[in-house]
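What follows is a pair of complexes built around chain A, which joins chain B in one and chain C in the other.
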Partner chain A sequence: MLLFLFRRIGLMLVTALCLTIIVFALTNMPAKLETLAKTQAGSRMTDAEVDRWLERNGYASPMLVRYGEWLGVLPGWVRTEDNGTVTGRCVALRGTAEAAGERCGILQGDWGFSTRFRAGVAEVLTARLGATGLLMLWVLAVMVPMALIVGILAGMREGSRTDRALSTFAIASTATPEYVSGVLLIALLASSTVGLSPLLVSWGWIDGPVLFQGNARSALDDITFSNFTLPVLTIALYGMGYVARITRASMTEVMTQQYIRTARLKGVSFGKIVVRHALRNALIAPFTVIMLQIPWLLNGVVISEVLFSYPGFGWTLYEAAINNDIELLLASSVVAVVVVLVTQLISDVGYVYLNPRIRIS
Partner chain B sequence: MTENAPAWDETQPILEIENLSISFFTRLREIPAVMDFSCRVMKGEAMGLVGESGCGKSTVALAVMRDLGVNGRIVGGKIRFKGRDLTAMSQEELRQIRGSEIAMIYQEPMASLNPAMKIGDQLAEVPMIHQKMPKSQARALARQLVADVRLPDPDRILDAYPHQLSGGQQQRIVIAMALMSKPALLILDEPTTALDVTVEAGIVDLVNDLAAKYGTSMLFISHNLGLVMEVCDRITVMYSGEAVETGNITDVFDKMRHPYTQALFRSIPLPGADKTSRPLKAIPGNFPLPHERPRGCNFGPRCDYFVKGRCDAQEIPMLPVAGDTRHDSRCIRFDEIDWNAPIAAGVQHDSSHIGEVVLSMENVRKYYEVAASSLFKGGDTKVVKANETLSFDAREGETLAIVGESGCGKSTFAKVLMGLETATDGQIMLFDENVQSTPIQHRNTDTVSSLQMVFQNPFDTLNPSMTVGRQIVRALEIFGVGASDAERQQRMLELLDLVKLPREFANRMPRQLSGGQKQRVGIARAFAGNAKVVIADEPVSALDVSVQAAVTELLMDIQRKNRTTLLFISHDLSIVRYLSDRVLVMYLGHVVELGTTDQVFAPPYHPYTEALLSAVPIADTRIEKKRIVLEGDIPSAVNPPPGCPFQTRCRWKSQVPGGICETEMPPLRDVGGGHQVKCHLSAEILAGMEPVFTVAAE
Partner chain C sequence: MKDVIQDTGARVHPAAEVYARDYRAGKLSRREFLTRATALGIAAPAAYGLIGMAAPSAAQAQTPTMGGTLKMQMAIKAQRDPRTWDWSELANACRGWLEYLVDYQRDGTLLPVLLEGWEASDDAKTYTLRVRPGVKWNNGDDFTAADVAHNFERWCDASVEGNSMATRMGSLVENNAVREGGIEIVDDLTVRINLTQPDIALMVSIADYPAAVVHPSFTGDDPVANPIGTGPYLPISYEPGIGAVVERNADHTWWNEGNGAYLDRIEFIDLGNDPAAWVASAESGEIDLNYQAQGDIIDIFDAIGMPRTEAVTAATIAVRFNQDNEPYNNKDVRKALQLAVSNAIVLELGYNDLGTVAENHHVCPIHPEYAELPPLTVDGAAARAAIEAAGLGDYEFELISIDEPWQAETCDAVAAQIRDAGINIKRTILPGATFWNDWTKYPFSATEWNMRPLGVQILNLAYRTGVPWNEAAFSNEEFDTLLDQANGIADADARREVMHRLEEIMQEEGVLIQPYWRSIFRNARPNVHGAEMHPTFVVDYVKYWLS
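Here is the complex of A and B:
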């Protein structure tokens, strides 16, 4: 078990290294650096001024050297200005020239500085990840039970009317991307001029102008039913259809197994067959998928967080990408890799629990 | 049990099926699966239902359970259980009967147990549903039943998952589950087909004892006539959806009155059949498809006694046989047929003469190293000793049978010989070449084409997307036979002739062929490069008896013509006795006995051979057999017992002084005439062994 964990962590490190190299290379292309300089120091700079800005802020050294600096295996750049002040990577990160050590990268625990938010990357990301974590938690809490119930109800009697109705719903929900369902939901439920809200107001059923809010920024301070329902629903609907389809497939297969016939011919009632005999066997396949779904949800998070202006990880990623915030993007990639591999690990361990056949004595 | 069931007179049949007809409905048409089937099972009686695959016997069983699926429907007739009509019951009434009054035992024990539920929970569920028994009491009952089916350490078993048990143990659990609420009727659907013969013998014993103990009636479905004879009192023979003959076991076995029953008996190798003097007689033609059944008698087109204008004129009813009790036959001519006429002498062959040694193995060993687990642990590896010091010769034109149960190493041996694996140690001489360490990709075309294999499962060994002809031509190309495509095409057609398939089959796809036909294609492919040595790995065990006979005869024919050396791997001792010249018995990777067929099948035996012989069910009422049931399972090859591999199950062990069976590996010693036995028993004791079979005086 320990060896297995070590191997997984090793794999995680290698993946993170490869991914960050790629991200680093892409964000450090000359054109991208120019954008960065212009967003940081004024968009009307001449080419010479851009070069000088890059030179002064340590972006002029070769790319691999700067990647080394970011990792913390090479000393950070240091530069003494004409007026005697010392600037440098580590100086900027640690405040004063005296406190700055020689190296300051990931290995030293310094995640760098976000040029977009003008704050430490670690600080920005922990706050944003917390916000997204909350969103994901609610998404999973809505999506997983709904998907499993829909999948199991559809799969327990293959070809029945329930199956067809639920399958149609599942396919429709997974075929509608977030940017479509999100916009639809906003139009339908969160607009004071169209959709349901004006109707409900005119009947006097709700107090406010709209049923749900289309902007989730207030959820950062206080999560309410009104401001959080739409982003959660948007993401959950998309993922739900997919998981429900997998659950249904798994359930229909289990229901044709011989041990289900054994149970039936033992006199077990249909409800008990589904709950006691089929459920656990049918959950093996969807469990892995749900776990894979979590990193995949990060995609959905980007779109719906931007759509509902919820300042979470996805929104941050989006902001970092359009502003070419190099160090924030790098840290985000590391987070993504960790999320993928940790969920994989959980899925492997959970799989062993669900499926006694692969449990090791 | 169900309190509201009306009082039932014990002299009436437990199960009475009357003119039952079942059809399956597809989008295209209605497919009748069972027509006009009637039978009665009295209290404590065991009824055997035999027939080839597709004859509808399992459909009858599922109809009794009313579990025919969405497509199947009972279209006529009645099924009465204790006087109540099952066909008219509601789902809720059925649920109360299922598992409590009628229980079923299935063909594949592994598949019929829930893999994610502990054995104890699966067993305890039955009385908890039907008798509303509290859980602790139900578990205590489960424990008792597990002990009743003679499983060791019941507490451990109750806490185990199905995959932690062996196949034989799983089947015992399924039996225990069926008996949990002491049902009045037990339906057994091929309960031992997936098990080894010695395990099968144990299960059959158990079923007989338990049925006697609880007074349970049984409906026993099997394709194995010998097994039915051992278990049942009465038998119903089915053919193509109809019962063709029914009666007491002794009446049907000794005085059969239906041509199909007779043909079935003539196609199984009973002791006395012999490949040279009394060859098997296969049933000509093929089983009719359900929607292509002939008019009149279904068996008509394949029947030796068919009379045009009578047998195909009208539907044939079941007619009682005069003089016997409850013995009926679906043949209008059974009074006119001379049932005692000797079998029309088939083509007799001279026994072929046996030539030079072509294959010789010397002290061949094959060990596998397995990592304990690649995922969660690492480091220590275990060694599986699949083959230990295998030595023997095979000669030109000879049939050498290799016999043993699953896990004895016979398939590993075939792989090593073929070059799919290389031997760990020892020498294999094929003609005059050492091949023990040459994997198949490094062997030259000559060696590969002269050493070929016929596989067990004809359904999976043909490429489903290539025509039959193309597959054979492909083999010819690989073996470098023929100079041009036209020549190879010609040779392919000749090969189809050789395996007695019509030449049009060259353009057919494998899915259009029956099992027996596919196996013929497999044989044609093996002989494409004029193979000198052919390993046949259970070539007929997946086929029906009547087809088995035909395929066996075909192999023998080709062998006679080509003087091929045939290594016939099998667990079926009847067929081995019928066709082999010499027999090699394997147990846990060791050769325990080697000799000519007569030597091996007569005393002195190796104790394992003795048990194996006694376990084989024989469909002949005149033969009396000693019953030796082996205790326990085959030990694991990862952790074999010290000393003699068979010592853990040997009933002769106490006869060897000094307990050396547990410490020393016995030598392979000659007991006369080249007959070798790996046993510590003294020559006197071996000589004093009694034969397993005796033919009762008539």
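Here is the complex of A and C:
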């Protein structure tokens, strides 16, 4: 078990290293650095000014050296201006001139500086991950029970009318990507001119102009039913269909097992069979899928957070990518790797407890 | 100085009298007259007086009410040194505490702010700036002539990367700094600017958004972290990409107390580039006004109870050829492509007819020195023939644009007409993040240009040989000589003679397809006042109020 954990963590480190090298190489291509200089110091700068800016801000050294600086295996760049002031990577990060020439990369716990948000990467990411954590929490709270209920109801009696109806719903929801369902939900529920809201207003059922808010920015300060429903629903619907389908498949399989038939022949009621005998066995497969769904949801989070302008991790990733915010992107990829591998680890370990036939060795 | 003293205490510039005559003769519009007269140092009421009109007074409008919180959609970008600002939004967020020497008003006049007034010499080489007495910085210091001189020195420092004020200071800059003797502190409240070249645009240049006046202690690149200014507000928070909050500064006595600073609090909310998100926010009451609406979005905002306000501008899109690139180094090719495109159709298809048709020379009818040329002709068959004659019958042209909808649609309309004429052309749309890397070098692409109050300003910036923003790589000796000449003529009528030829050269050389002048729009709730769209995107929230 311990060995298994060590192997997993080792794998995580190697993956993170490979991924960050790729991200670093892509974001440090000359054209990308030029973009960075122009977004930082003036979009209509001349080439000479761009070169001078890159030189002055430590982007002129070779790429591998700078990757080493970011990792913390090489000392950060230092530069002495004509007037004697010392600038450098560590001077900027630590805020003192004494730090010049030290190592200050992620190995030392310095995550770097976000050029897009003009703040420390660690600070930006903690705040944004917190926001996404809340969103994910609500998504899971809506998605998991809904998916399990739909899957179990559909799988109880394969081929029945309930099964067909629920399966159609599940397939439709999982076949609709977030950027479609999100827009549909906004048009249907959050517009004062089309969809349901004008109808409800004319009947006097709601006070405001719209049923739900089509923009979740205010959820940053205060989460309400009105501003958080649509983003949560958009992400939850997409994941829900998939998990429901897996649950249904697993349920129908369990329901054809010999021991279920025996129980029925013994005269146990159908409800009891489902709850007592079928459920636990039927939940093994969905559990893994739900855990694997979490990193997958991070994809959806990018789209829905941008669509509803909710500043979470996905929104940050998007902003960092379009603004070529190198250190923020690198840190985001590390976070993504950790999320993926940790959820996989939980699913592997949890699987063992749910299914005694499997053992980790 | 000179003889004519008016009862307001200000000398009337001789050229202003000429403008007033022109206005009465119907040669000038009211707006043009006001821009020109106030640029010469005539106060707006006096300028209105010259043409026998009363200046619009505040009494005509409703009396503003104090208090309230205004929520506005606007992009919040990472701050930097004001003189290097490249987006109006950066300036707008800071307008509550960083003020300007003069303001460019919606009606085209220049309003003295931290200056009390100014006079230009007849040759437009010497400017006398009179500093407003009694202005205090919010740290308690007095605002003096030395502060004005300090800011001019900052603007002239061309060694700072991206300092766009340096290009606006003209002959005041020498060896990346102020020319010796260029700025003279006459006394505590008077500064004299001595230029070697006449510059009629100096006053409008210092009304431009990067010319925010900062305290002598300001260094570095963050006017929010160190908000020493003369204005009545202070920043509370500023998060790029998310939003900013500004509140009235209770500990500071503002020099203009009573004529502004009505709102208690202004919240800027950055909702990204997707207008659908702005609409969704407006629907649920999270914003009271947007920064700028374009295309169909204007109508949608109208429909949800936020009527539009319009500003007619000299802002435009330049679909220009870069003459350093094949085949655009051939004048016949450039002229043929121009010939295939009807600017009126581009305006209709690319910009919903929300503007006026332009004439491929980048001088706007609202510019004081605009000269009218014969209308352009459109002839697809002749265009095709000229392209074939140049041996490019099978050549595929490529027109590049940024991914912003109105710009992409405008270029689509240009390309479609070229295609209709039987010339091969393909369209390429680049995302904003990569587009600006090479904007001056693309062979054939479109660039958005904001307005400048004077016609010569834009020609100086964009078409003079070798200037950094000359994206057309246009170089013409006659043009440069005439432009120098025009820069020294304070009288717009005399300047128009020269401008006539400059416009002709622009057309003869086929420098660019410049299809239209944009009107720009902002939507706001009916209870928001003073927030009408401004031709240069100014958000002077000090003057906004809520009823």
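To be clear about the criterion, the second predicted complex is superposed on the first by the 355 of 361 C-alpha atoms of A that agree within 3 Å, B and C clash if a C-alpha of one lies under 4 Å from a C-alpha of the other, contacts with A are read in each partner's own complex, and residues count from 1 in each chain.
Keep in mind that, in the parts below, a residue touches a chain if its C-beta (ideal position, glycine included) is under 8 Å from a C-beta of that chain, and two chains touch if they have at least 3 such contacts.
Values in this document were obtained by computation on a predicted structure and should not be read as measured data.
Chemist: Specify the outcome, clash or fit, for chain B and chain C once both structures are aligned onto chain A.
Modeler: fit
Chemist: May I ask you to decide whether A:3 touches chain B, chain C, both, or neither, giving the answer as first, second, both or neither?
Modeler: The answer is first: A:3 touches chain B but not chain C.
Chemist: For A:309, using the defined touch cut-off, is the partner it touches chain B, chain C, both, or neither? Pick first, second, both or neither.
Modeler: second
Chemist: Would you mind checking which one, chain B or chain C, touches more residues on chain A?
Modeler: On the superposition, C touches more of the residues of chain A.
Chemist: Give one of first, second, both or neither to describe whether A:215 is in contact with chain B, with chain C, with both, or with none.
Modeler: In the superposed model, A:215 contacts chain C only, not chain B.
Chemist: Using the superposition on chain A described above, determine whether A:264 touches chain B (first), chain C (second), both, or neither.
Modeler: After superposing on A, A:264 lies in contact with chain B but is clear of chain C.
Chemist: Once you lay one complex on the other using chain A, what is the shortest C-alpha distance from chain B to chain C, in Å?
Modeler: 46
Chemist: Considering only the defined contacts, which chain A positions touch chain C in the complex?
Modeler: For chain A paired with chain C, touching residues are 31, 34-35, 38-46, 49, 52-53, 115-118, 183, 186, 190-193, 208-210, 212-215, 217-218, 220, 226-227, 306-309, 311, 319, 322-324.
Chemist: Please name which positions on chain C make contact with chain A in the complex.
Modeler: 78-80, 84, 86-87, 161-162, 164, 222, 239-243, 269, 271-272, 274, 276-277, 279-281, 283-286, 303-304, 431-434, 436-437, 439, 468-469
Chemist: Please output the residues of chain B touching chain A within their complex, sorted ascending.
Modeler: 65, 67, 70, 95-100, 103-104, 106, 108, 111-117, 125-126, 129-130, 161, 163, 174, 177, 373, 375-378
Chemist: Which of the residues in chain A come into contact with chain B in the complex?
Modeler: 1, 3-4, 159, 257-259, 261-269, 272, 276-277, 280-281, 354-357, 360
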